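Paired with chain B in one complex and with chain C in the other, chain A is shared by the two complexes that follow.
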Partner chain A sequence: MSEMMRNRLMLAAAIFLAAIYLFPLYWMYITALKTGSAMFATPPQFWPSDPQWQIYGEVWQSRNMGRYLFNSLVIAFGAVSLICVLGVGCAYVLARYRNVWVDIGLFLILMLQVLPASLMITPIFVGFSQIGLLASPRFAVILAIAAKSMPFFVVLVRATFMSVPQELEEAALVDGNSRVGAFWHIVLPLARNGILVSAILIFMQAFGEFVYSKSIIQAVELQPASVGLNSFMGPNTNEWNNIMAYATMYVTPILAIFVLLQRRIVSGLTSGALK
Partner chain B sequence: MNNVPPRKRDVAMVFQTYALYPHMTVEQNLTYSLRIRGVSKAEMKKAAAEVAATTGLSELLGRYPRELSGGQRQRVAMSRAIIRNPKAFLFDEPLSNLDAALRVHMRKEIRMLHDRLGATSVYVTHDQVEAMTMADHVVVMRDGIIEQQGRPLDLYDRPANKFVAGFIGSPAMNFIPATVGQDGLSLVVHVGEPQTIVMDRALEPGRSVFAGLRPEHLHAADAGEGTFRFPVGIVETTGSATYISTATTPEITIVDTTRRSIRSGDVIELSIRPSDVHVFDAQTGMRL
Partner chain C sequence: MKRFFSSITDGKGFDILLVAFPLGYLFLMSGLPLLYNVLMSFQEVDMFSLGTFWRPFVGLKNYRDLFAQPETLPILYNTGIFVVASIAGQFLLGFGLALFFWTNFPGASWLRGLFLVSWVMPGLVVGAIWNWILSGDFGVLNFLLRETGIIDGNIFWRSDPDFSLWAVIIANIWLGMAFNMILLSVGLSAIPKDLYEAAELDGANAFQRFWTITLPMMRSSIGAIISLGLIFTLQQFDLFAAITSGGPNNSSNVTQYWAWDLSFRQYDFAKGATISVIMIVFVMFASVVYVRSTRHEVRG
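What follows is the complex of A and B.
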């Protein structure tokens, strides 16, 4: 088989697999626009014959989505800020010092990543209620998400810091700067891309977070969009078009960000791994 | 000095990898130390322009390090050190990443720079030619221990031990196992057949030593006039000099500048002045 034939075959396989993977997304966009009867038609329609555009406005109004999305943003921004402030320093130390304790610390950090949110929520809930954190439930969720996502952030940013040559820092020290000054002037600007990418990934995670928000936030006016989406669900759920319209409005902004920054995100994830 | 943090030492350093700040332009790289000291913008600009003029970087001030060639980066690294006007310079093998021609050129430039600025410079290198050509004072170190220090020619003329003798000079000094002769003034060298050379100092007869003979001190002599004879192995011609390796164990290298016709397989006679014969103890390697 010639080289070109094989390449084409590989491309076809890749497109096919991508199509399977992206089909649910397509189905979400399509279903949102269907009428009630078209939704349940067999065989299913792959393109709505009578698109219902007004559904977005209706769902936004009736579900008060503005408030939900605002809460999601508050939680996501809060978690990202907290993680950045605490995680950057942690990652820097782990990148610059090499000894047994650092290795143990790194191992523990990776261990944290293993524990699933649905397991952690019970002890976190009990603990937070003991110290009265449940009185400010959005902050409690921010804390919980920060704790959950911190390892991921630290590991990524550590790799970024390790790709910054130590000699640059030494040069800054010789040039008369302090350790802290060298960090701010030299290391941080050079690691900026990696930190930004990690922060965006964390933001997207936090924006869609569900388990902690659902368990900790009781008041409807403080709940994020993920919990709002869940409130559709009941024993006799059949308003799929509304659900899909809600999901579309929830997901599309994140998707847009990802598509726009996709190149930087991928290069940021691999920088540090490759010289 | 070990307990003084780097920023308080007033020492400028040129790194082997240059360690230029990749996110800053050449000008920002140069003036970084001034910025930390709180020098005004106008003064920084002036200082950068002055230094850049002397190192030929004036055209490149707006560029980023990644847009420069190796030699240009090297000059930026040096300019960054010069602009501070420090008490001392530290060069850590600054030329080892350059190609041979550029290295010879930069060697001279650094030396000229040193003469102009007059600041103490410590220059780390493993290239003995750089050490010999640039230094006022050479310190030869091995495994962190000082083997010998002094002026370059002192190290060349009177190496303290075999290590220094072998390190300084190119091609390297020949070491031949030898025994001090009965008169105490001659050496019986064990290379090929035992042969005798005269030295200019007296040692106890029968002592086993190494004779150190520099390739450029061994002169091919006319038949019957040499002190000793060797069969010729390989002849390499560079134009200015001819490198002759003998077909003996240990091999002996001779640098001949007379352009006499010598071919592989010939037997040549060599002479050496007694004052050019170095003698090292066989066990300790120290100069005798």
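What follows is the complex of A and C.
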């Protein structure tokens, strides 16, 4: 009985803590539904008396969000595809062997993982402009994001490959499979879940990426939603309900994916980041 | 020739091929820019020489000019405060939460995972939300602080030079706390339970158990998490762009925002490259600490 009481108390305390922590998110959803005057009321309304559901349609129209989100999707899918094509094999080899070359490779990859994007953008921008890549700015951003996020992906996926027993692959080789066949038919299917979770994490990062897009993409019609949000927020803005509606439409899909796949994402993240 | 192809499908060539492309790509897209950055910091770069590689070399002039500017030292100082306060806040709050959830009750792991939403959200959105929460006249944080009697008048978080940096720090602590907590939880769950049972039998109280078992056992995770925190904090850019833009009057400017501002707002690419080089050297140093503290785990 006392054990049950304790569990209930702890659960209540945990929900309370989570509620405090998630309050900013709640505030985003609530502010979006407020009228222009309710938004600036003192004391603030913690529950909208007159929810304005039509705001989403209005903001979607006036800010041209379809185009922004499409650009975000193009950039995120492009970056994730490129990273998967290049990164999976790299992670596999780094997981399969243990020698000094692998250590050096891992060390280099970990070092590249830490370079801040806002510091790397200066040489990337100048270099890209010199080789003419700025003519196709979304592609240039995809290339830059892929270079930025691939090390993290490799570290996460490598942890997945480490958990695939090597005996399975050896058995396949003995049975007459080639290395390519064993990799393609045995190792990859077993590591599929881990690769998928890592790809989703990278996708979320790329979907919200800002520095590269802001610096490289000048044309409004090619900019992603993060840059669109930035230009929506002028220095003295007072359309907070519209901005929050924009933010809501931008993050709700990400939050939905996260809540659905939460357990896998958390375990995938922890296996890679500390190992 | 045949042997070459069979090696690619069935031997060492396969591994080398798999590694060569990604590493080559990373070298092209990260390694070369890194070197180019160093090169540019010794050159005179302006809008006219942007298109050519052969720019006049000026030696250490960019570095001297940079440190002769009056805002350089305050910005470096801000960076220090930002890093230390963010890491301290993220780590302490994250550790507290990790210890709380460690007591293990039904639903603990699911609720704990929920905290990580802050980490998967786009930084710009987090910045926009906090920008609104921290607003001076109508911000909900000021309201809550007034109601609880902590402050009398409104704090103008974004426009008061005494508070603008702290506005970003608050948002950054919120953003990074959950990540710290998750990683610390992993470290905590790796401590063998029988250590605590033995200590309890010996009559150690909760505080003594924490100091003599939890902290020493967590030493390598704590080292890794703090250096990871340093790396992430120095990468934080979006919150500055969304909340204060480094203002007012550079009071909330930090090096990673300033480097971008110099290059893309003032078109002074040489100075932007110079400050980048200084900071990248610093980040590299932090990452060596991180790699060293996780090395035994990396090698498996």
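One rule holds for everything that comes next: the second predicted complex is superposed on the first by the 253 of 275 C-alpha atoms of A that agree within 3 Å, B and C clash if a C-alpha of one lies under 4 Å from a C-alpha of the other, contacts with A are read in each partner's own complex, and residues count from 1 in each chain.
Heads up, the rule we're going with is that a residue touches a chain if its C-beta (ideal position, glycine included) is under 8 Å from a C-beta of that chain, and two chains touch if they have at least 3 such contacts.
None of these values were measured; they are calculated from a predicted model.
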item	value
Fit-or-clash call for chain B and chain C when the two complexes are aligned on chain A	fit
Superposition-derived angle with apex at the Cα centre of chain A and sides reaching chain B and chain C, degrees in steps of 10	90
Partner chain in contact with A:234 - chain B first, chain C second, else both or neither	neither
Touched partner set for A:178, first chain B, second chain C, both or neither	both
Touched partner set for A:132, first chain B, second chain C, both or neither	neither
First, second, both or neither for A:210, with chain B first and chain C second	second
First (chain B), second (chain C), both or neither touched by A:189	first
More chain A residues in contact [chain B versus chain C]	C
After fitting on chain A: smallest Cα gap, chain B-chain C, Å	8
Footprint overlap on chain A, comparing chain B with chain C	178
Parts of chain B lying in touch with chain A, wherever the complex brings them together	5-7, 9, 11-13, 15, 17, 19-23, 32-33, 36-37, 80, 84, 90
Sites on chain C touched by chain A in the complex	9-11, 14-15, 17-19, 21-23, 25-26, 28-34, 36-37, 40, 45, 50-53, 97, 100-101, 103, 105-118, 120-126, 128-133, 135, 137-138, 140, 143, 147, 174, 177-178, 182-183, 185-187, 221, 224, 228, 231, 234-235, 237-238, 241-242, 245, 256-257, 259-260, 263-264, 269, 272-273, 275-276, 279-280, 283-284, 286-288, 290-291, 294, 297-300
Contacting residues of chain A [partner chain C, same complex]	6-7, 10-11, 13-15, 17-18, 21-22, 24-25, 27-28, 31, 39-40, 42-44, 86-87, 89-90, 92-94, 96-98, 103, 105-127, 129-130, 143-144, 146-148, 150-151, 154, 162, 178-180, 183, 201, 204, 207-211, 214-215, 225-226, 229-230, 233, 235, 240, 243-244, 247, 250-251, 254-255, 258-259, 262-263, 265-266, 269-270, 273-275
Residue numbers on chain A that touch chain B, as the complex places them	165, 167-168, 170-178, 181, 185-186, 189-190
